[in-house]
């Protein structure tokens, strides 16, 4: 069935797969100590403009969020997130399982507001009962957000400035980082992100890898014995090569950026075609995820012909549905979609 | 200094203290297996009209909340609470430390709304991504609430009905239970609470004991090996008698109810006197806690003469301040307060 | 460099890799709901003779141990293991991080003794202080063990019988399961294991996969909402296909068993060759891991020419070193080893 | 019934109780910020010769162990203890529940051996797989031990020296500290302990208080925001005065030391009387706990007349039984015991 369900329904990008095949016969040491992990880390350091960065490879997004937050927060600290943040909604309580509270602020198009953040931190400092409360220890944000939107350079700089003023860390969840960098109107680069954040990850699973996320501590600021903590979380692959080889491929010849740009271009055409057909968007997204409001009956009919993601109920009669493109989306997929939509009416 | 700071600034009620003195020389077995714990449990069963209830004694409120939630929730479940709920605001993340998320609903005068609760549970059941989410496993509410208000019998019955319909437990945090039972307009009795809830606790620390809370599982429904879990939480007193003797005294000759009624009567006079002097209340509370909105300057002056609790900022220029009475509040305390307030102007 | 360092230094078996290549272009739903996961599960059910088994795929061994123990133990329960058990020695405290104690019994050649197990359980039952102790809730064993040895059918049956008598679960960590099944003298089959154990996993990472372990609950006895718990542990892959495709390949045409037998055959020749050259074995292992005692100086010289694993110090002057074969070990590897060893003298 | 069951079966020492009565009417701020907590802390600082010490009051021993270990260990660290250590045997897994492994060394009369400790730490440092293991982060010992024995000044100094050499903390569990200080042959003082350890607690529950343990960080080295962590563990009493008043009494006029000495004197007479009657001791204890080996039948008969503690099975036919004296033991208790023992034969 035709699918715009998500950006993780395909396999690996062919260049990634090819490198897995080419290196398959090599004997390599385990646990991320192989030459491909080292090479990939070096290429990422270069792409980030951070010669001192420490880079670790993990298998998935929830695992990465759980590990970073648990390793960087003090036990009496929580993490600030938008109420729509992935860690607050769709990670089955993985953060709380490590003992940390998610402190929520309101969201606007999936984004935190710098003003509200500062108000929250200031109010905490002034609260006479604060020793009985969860200390805010970090800000978590997604880029692009769960709604496909992106923070501008000015917005991220404002949040980063507040974090530094109040002495808390800034963490950017980049599960779809490539699609943000390639977005029309995006004015943030990888080196900008590395400069403004204290830790972030470059998503692989949703951008051409079979699995894998690259965690970057841009100023060599990984928590002590981080590898042991990865192991303790059950997140250390014996064959770390699986991740190293893939990220080495993704950061060779700009592959990560090229395939991200393709997905965004496909999303642009998708958006245009949907708009021409009169579809109503939940919000304006410049990345590979597009959110459309469908009348419930239409949604039930449409899903029998094309795989899409249920997002949430808009109201009693309408559902918000996600269309996602990816590096693998072809022009022919769009054409097939138009055929379905046009015949439908 | 004159104090209306809280209901835990005094020692023990004299009848409670007397029993501690009278029994001090007895040799008693440890860990809650003594005759006073048994006797207190029996008196509580009778007061609750629950011959099958299991009763455990713990030392404090946060400990009790943490233990009950951790023992009764499945690891993939969270607890629903009002955003103003004590577990969500002033317990330093004690619930999350046990691995459970607090799922917040809005509050109105400190109370959950049955309609919103049902909407939340229904929406969860219909969410196609619910296996990636925290399962709601219990409803937590405080009675009286953090704002001194109380649910009516109809309100609690509505919430209880929804919990049963959706198969989740209802837990009532009764840190100040006595003050709720004695409140003007309260139409809930201890047997009502026992019938409507799956677990609750009768607060001692704030109602005449030196320390201690009595946990009641009204239908003998304590989690298996609950005593071992108490121990594992570091919550088992070697000299369990300390708790048993106190609760035995509190539930002898209606002491718990009598001293609660006294505190509420004092609060009524306090409210009247403040109102006569033109003070503005944040909301209408029928129990021993009264919340007054003061201009910041007045608050700073007043606190040098009478101990009160900072509650929260109302706005830039005003602060919400709590006056609390207790079983120990005397008519002379009120008179002293009036002198301070009247001379001030 | 020539390597007998471990069984996870190669890539994937070529048949496994081929299936990854062949299926790469398919669009498949995420989180383990794809057709390959279903097919692999079905083949595993058949191989285990358990039509009602529930099968889940995870990425690595520590993750699997952590998740199974955490999901199956009650919070007040610990897991019994040999003091040499992987969870007790080389998992960085991953089990304790989930809140459970590892209760250790002595080991003999890596194995638990049924008699000691029964003595331990009986003593616990009779201990008057047992409510202050960690309850034994499960037995953990590895098959083959950390020392390459295997329990016989009679030994496993004895342990299984004791577990059932005392009402606790039996869990078999099969990180190297294939090598045990193929061992000379092994009298246990996959259906035997499924019948005697309450849960076990079939290791993929060390037996031909790039990553992956298949958890089997033989009687459909997975803990409730297990998938949500996988997610909560950060262990759910978005592209679950990566695991499904690999296990589908491993359980097609007996591949898992064939490649395991090859590794064991190579180990037999390795053992013979080492013995002919006068090497001293730490113990007798019938599987793919062989433990040799080297004088420290020899170990330091040898490791410059062939990759081996440090195991532990035998005494001040000697080191126990592991040689491991795998599905990828070739006759030519053995010949290269002999050249190194023979030239050395 | 006559009881030598334990040192926590009585109430409070009369001087402690008297101070609770005398201060009961005072209005005092909560959560350990009252004048009695301050005064008690100051007296303890003086008794320890540590003007910079930070002192916190908690309610019980397991709670204290759990909190100190959790707050002082890094998440990837475990605590070294004798296999007979209380945290390893009789705390229901409270330490593991906080995510930390108890790393056990052998015990001799309840004590750790400095030589074995150093061997363990050295072996860890040299282990090539140590990044996959639990890091030793602290040494836990009890003084007196679970068997009533005490480390000499030389023994404790040796252990302390090793801890400092290897950069790990030393923690002394002083649940019965007074009885150790008063023991015949004890050559350690409170200032010695403060100098040699990084943290310890002075037990109150077993030495004259109704409840309470005083945690001492001798060089002002409490973990950051320790009070918030106490709250997060559910261990913060609203009426902190309950603990402050009691410790203020215990450290006034040498009460703590005087009543400890009385218990030890009673134990000396107990030991003499039992020995005269031919009883066999499990080991030689100089403190208030005495361990006697009884034939099972005798144990069953004796326990119907005098409360004693089951300790463990010595063998099939014999049981090790504990006799404990306390500050409350009277000469008449001993006489009653002799009557029972003498009539029996």
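Here the chain labels run A, B, C and D in written order, and each chain numbers its own residues starting at 1.
Here, a contact is a pair of C-beta atoms (placed from the backbone, for glycine too) under 8 Å apart; a residue touches a chain by one contact, two chains touch by 3 or more.
Worth saying up front: this structure is predicted, and the values here are computed from it rather than measured.
Taken together, chain B and chain C share the touching chains A, D. On a Cα centroid basis, the chain most remote from chain A in this structure is D. Distance from the chain B centre to the chain D centre is 33 Å, each centre being the mean of its Cα atoms.
Separating the CA-averaged centres of chain A and chain B is a span of 42 Å.
With each centre defined as the average position of its C-alpha atoms, the distance from chain A to chain D rounds to 50 Å. Residue numbers of chain D whose C-beta contacts span two or more other chains: 75-76, 91-93, 97, 131-132, 228-229, 231-232. Interface of chain B with chain C (complex): residues 70-71, 74-76, 131-132, 135, 224-225, 227-229, 231-232. Partner chain A is touched in their complex by these residues of chain B: 75-76, 78, 89-93, 96-102, 123, 126-129, 131-134, 310, 312-313.
Those residues of chain C that touch chain A in the complex are listed here as 1, 3, 5-6, 8-12, 14, 17, 20-21, 23-30, 59-67, 91-94, 97, 205-206, 210-211, 228-229, 231-239, 241-242, 307.
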